[in-house]
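First, the structure itself, so that you have it in front of you.
Which chain is which? They are A, B and C, in the order written, and residues in each are numbered from 1.
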Amino acid sequence: MRIRAEKDFWAGFLYLAIAAGFLWLGRDYRLGTASRMGPGYFPLVLGWILFAFGALSLLRSFWTDGERVGGIGFRPLVAITLAVIAFAALVPTAGLIFALPALVVISATASRQTVYDLRSALALIALTVFCILVFVKGLGVPMPILGSWFDGLVPPSWQR
Amino acid sequence: MELFANLGLGLETAITPVNLLYALVGVFLGTAIGVLPGLGPAATIAMLLPATFVMPPVTALIMLAGIFYGAQYGGSTTAILVNLPGETSSVVTALDGYQMARQGKAGRALATAALSSFFAGTVCTLLIALFAPPLAEIALQFGPAEYFSLMVLGLIASIVLAHGSILHALGMIVLGLLLGLIGTDVNSSTQRYTFGLPELSDGIGFVIVAMGMFGIGEIVANLENEATRDVTIKKVTGLFPTREDFRRMVAPTLRGTALGSILGILPGGGAALASFGAYALEKKVSRNRHEFGKGAIEGVAAPEAANNAGAQMSFIPMLTLGIPSNPVMALMIGAMIIQGIQPGPSVMTEQPALFWGVIASMWLGNLMLLVLNLPLIGIWVRMITIPYRYLYPMIVVFCAIGVYSLNNAHFDLYLMALFGVVGYVFKKLDCEPAPLLLGFILGPMMEEFLRRALLLSKGDPTVLVSRPISAAMLALAAVLLTLVLLPSFSRTREQAFQDD
Amino acid sequence: MSTISRRRLLQLAAAGLMPAAALRPVAALAQAYPSRPVKLISPYAAGGATDIIARFIGQWLGERLNGSFFVENRAGSGSNIGTEAALRSDPDGHTLLLASTANAVNATLYPKLKFDFIRDSEPIGLIGTLPNVLVIHPSVPVKTLSEFIAYAKVNASKLSVGLPGIGSPQHLSAALFQTMTGIDLPFLQYKGGGPVINDLIGGHVQASFASSASSAEYIRAGTLRGIAVTSARRLTILPDLPAIGEILPGYEATNFYGLSAPKGTPQPVIEALSKELNAGLANPELVAKLAPTGLTPHAISAAEFGALITSETEKWRKVIKSAGITMD
């Protein structure tokens, strides 16, 4: 047996795995009956349908030709994901004024074409100021400009 | 005629300088927040609610309504330019709109969206003025059984959305349905798939999934081969639709408006289906169906018209019955209460100036949006010609701030990062996010309506076919399913023969 | 520097690391209160009754205390997310919570809460009460509460009661009715009050316990038929409707709204807030603004509010247990 459609194979594999996850996590939800469905009924039915689609896709990958998956862009995937996570962690603690540049700098490493020069730095400062003015001051999004690390160190009015 | 007297009263109310000014403020703000991904009209209206304290009731409602439909326009702009649908309705606009933008036709796509939305808005203003109360009555006939059958029909139609493998589309729909079930079950209050996290007890926000799967996933995919494939848009052809474009957008706009108007009056989630349904319909009836997913102008005109029609018509249950059909309408009801007006069936008779003033302002607002947006197209189009290496960090920034502003919770950002990875992986496997998102919206509603219908019928499933509207929709769904599946079966057969 | 050390002092005191006597110098804080914008957390989505009440009360307190009060909506998990956020904040009076019946109910309904509302909160005062109304679709052939009870005893299976979610005040009103009459009405849960009213007007469900504010309009227009109110006494907005307690002695189920602070908030701050809140509830202008939410204002002392929360928690614990309501 040879995998002839890589994309079908991996999609099928993922569907199977996710379906199994949902079915396992939902194993204790009360089922009820078709006429009086409990909270477990819909997830169970959907879980098995997804399982079936996954199995079909997996099987199909052995008897029809399909495309190869191609290389995974690990660099952008890791950089962008890390950037968002860093932003999430830094907003409440350090505040937007640090979280936003961190997000931009980390996500910039995703591209090999990024130029680290004075112009980019100025653009970053401008973007940070713009976001603080528009979102925090203008629209009132409750994001701290300086987060909890600065509690008591700066006047509260600087923090939001 | 009473209609003209009413509309006259409405125009008289809407056209005072103060009301015109606030309508303009509303649509401008709406456009601005709509363009910024993630920041939706509900969040903005919630933040601006205190500002309406000092306004007269009509003015307050006119401004809030302006934000609502302004955001619909703005949301389409981001969907077209950078593939970021911030609203349910702009998911399908992103499918072909973004492809048009990639081909340098962003201006034409944006103008198409604006024009078809304006047309739909105009038709719907008239429809509301003429038929609001009877339409609200009809909508009340829709019980749980009818809604369930409508959702089934929508789900079948969504298979048409995908342009790749049908099996993958089906998988994505079911996965979306499952993801939609995360949270607290309405009937039993069971926490499903929440891992004990209170942040998940109300389910995952639509914007988080959309931003992650569309926005982040697309960025990663664009960056993976940047050496061989430059995604910066260099050449922009024509800012305005050509004569040929106009010819192609007329029928889809008409069909989209009709479909959106019908679905929009249903408070139980009809409007969510409008743009999906319109796109699926066009993809089946259009002469250019092979272009869908590759930048078909019909794929922008139809869902945009349907979406604006649906948005406009969703005012009907709110204005005539005081029933909110979406979070924005719930906020409008809140704004009325703050103003000392009790929403309900008596608003129309006891507050005619308010009722007709808001309706007249809808048309004026749509006109303002057109005037405001057409000149802006040039600026938007120039913006996406910025080198991608500068553009994408900004998109990530706006996604992140938008998602954070939903619940002021950084937990949502972790979720977005997760859905970004999921979106990229599925993209690599040619599994498209649009069917997943539709399943995600429909999943919890389908379950809720089906279980409610069966509880009401004391467990008798024939209620789904014994009620005429429900039966008709299920029959239509069956026909559609056959239409969708037949060509794919015959294709597999052909392939099988070729393989032999 | 002095503000910083005072702040640290407060935090230490709140953490229980310092004896209460050490808090004395803090009394001076009352004069400076509020020293920065005060966050009033409304644990529900914007636009609802809770949010609107919070906004009007916040506006009033801001004017009276020469500070700025802003409302932050922290919806989710049946008010638990917003409540937890409020109770975890610094107890310096700059974070307050719009408390409601949900806090008394959830203490029993959610066994795994990470906070104990009575233990971790400091009562400031009651804002008012909001009763529910037993409403039916006009096709149900009854006009009075006695007729409804008689009809429901025989035709319970023909009636479906639409309710806006498990553990909602409306659900508890219905559950108490069920316990006291012994009629086993089929309950149907919805996501929020809007869809319930929609299906009730459309006749898809036959009865509901709906908030008096949202149903009064339909009762007056004749779209729905009001049967009785859940408060101990009749309501001024629906004077024709009897209180359920007139037929079922002892029946009372009203939602309360009040103001609470995290435990450890300095007493002078609590006193200042309580005083101004009660002044507002006696102010005809503010009362008129609150009227469309259906709220009946009711001013009591902070201690009385604390006692009310305790008695409500106890009352709903019994109802939840006897009606067998669970969040499984």
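Everything that follows uses one rule, which is that a residue touches a chain if its C-beta (ideal position, glycine included) is under 8 Å from a C-beta of that chain, and two chains touch if they have at least 3 such contacts.
These figures come from a predicted structure and were not determined experimentally.
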Self-check item: Leader among chain pairs (count of C-beta contacts)
Solution: A-B
Practice problem: Taking each chain's centre as the mean of its C-alpha atoms, give the chain farthest from chain B. | Solution: C
Quiz item: When the centre of a chain is set as the mean of its C-alpha atoms, what distance in Å lies between chain A and chain B?
Solution: 22
Practice problem: Find the geometric centre of each of chain B and chain C from their Cα atoms only, then give the gap between the two centres in Å, rounded to an integer. | Solution: 34
Exercise. Please report how many Å separate the Cα centroid of chain A from that of chain C, as a whole number.
Key: 37
Practice problem: Two or more other chains in contact with one residue: find those residues in chain A. | Solution: 30, 142
Quiz item: Residue numbers in chain C touching 2 or more other chains?
Solution: 72, 328
Self-check item: Where chain B touches two or more other chains, by residue
Solution: 187-188, 190, 408, 455, 458
Quiz item: Hey, which residues of chain B end up touching chain A in the complex?
Solution: 33, 39, 44, 47, 165, 167-168, 170-171, 174-175, 177-178, 181, 185, 187-188, 190, 192-193, 216, 219-221, 223-227, 387-390, 392-394, 396-397, 400-401, 404-405, 408, 410-411, 413-414, 416-417, 420-421, 424-426, 428-431, 443, 447, 450-451, 454-455, 458-461, 495, 499
Quiz prompt | Complex contact set, residues of chain C against chain A | solution = 4, 7-8, 35-37, 72, 328
Self-check item: Touching residues on chain C, where the partner in the complex is chain B
Solution: 45-49, 51-52, 55-56, 59, 70-77, 80-81, 84, 112, 157, 160, 165-167, 186, 188-191, 194-195, 197-199, 201-205, 213-214, 216-218, 220-221, 223, 288-289, 291-293, 326-328
Exercise. Would you mind writing out the residues of chain B in touch with chain C in their complex?
Key: 42, 45-46, 49-50, 53, 140-144, 184, 186-191, 196, 198-199, 201-202, 267-268, 317, 321-325, 327, 330-335, 337-338, 340-346, 407-408, 448, 452, 455-456, 458
Quiz prompt | Interface residues, chain A side, partner chain B - complex | solution = 7-8, 10-11, 14-15, 18, 22, 25-26, 29-30, 33-39, 42-43, 46-47, 49-50, 53-54, 56-57, 60, 64, 67, 69-73, 75-77, 80-81, 83-85, 87-89, 91-92, 100, 103-104, 107-108, 110-115, 120, 123, 127, 131, 135, 139-143
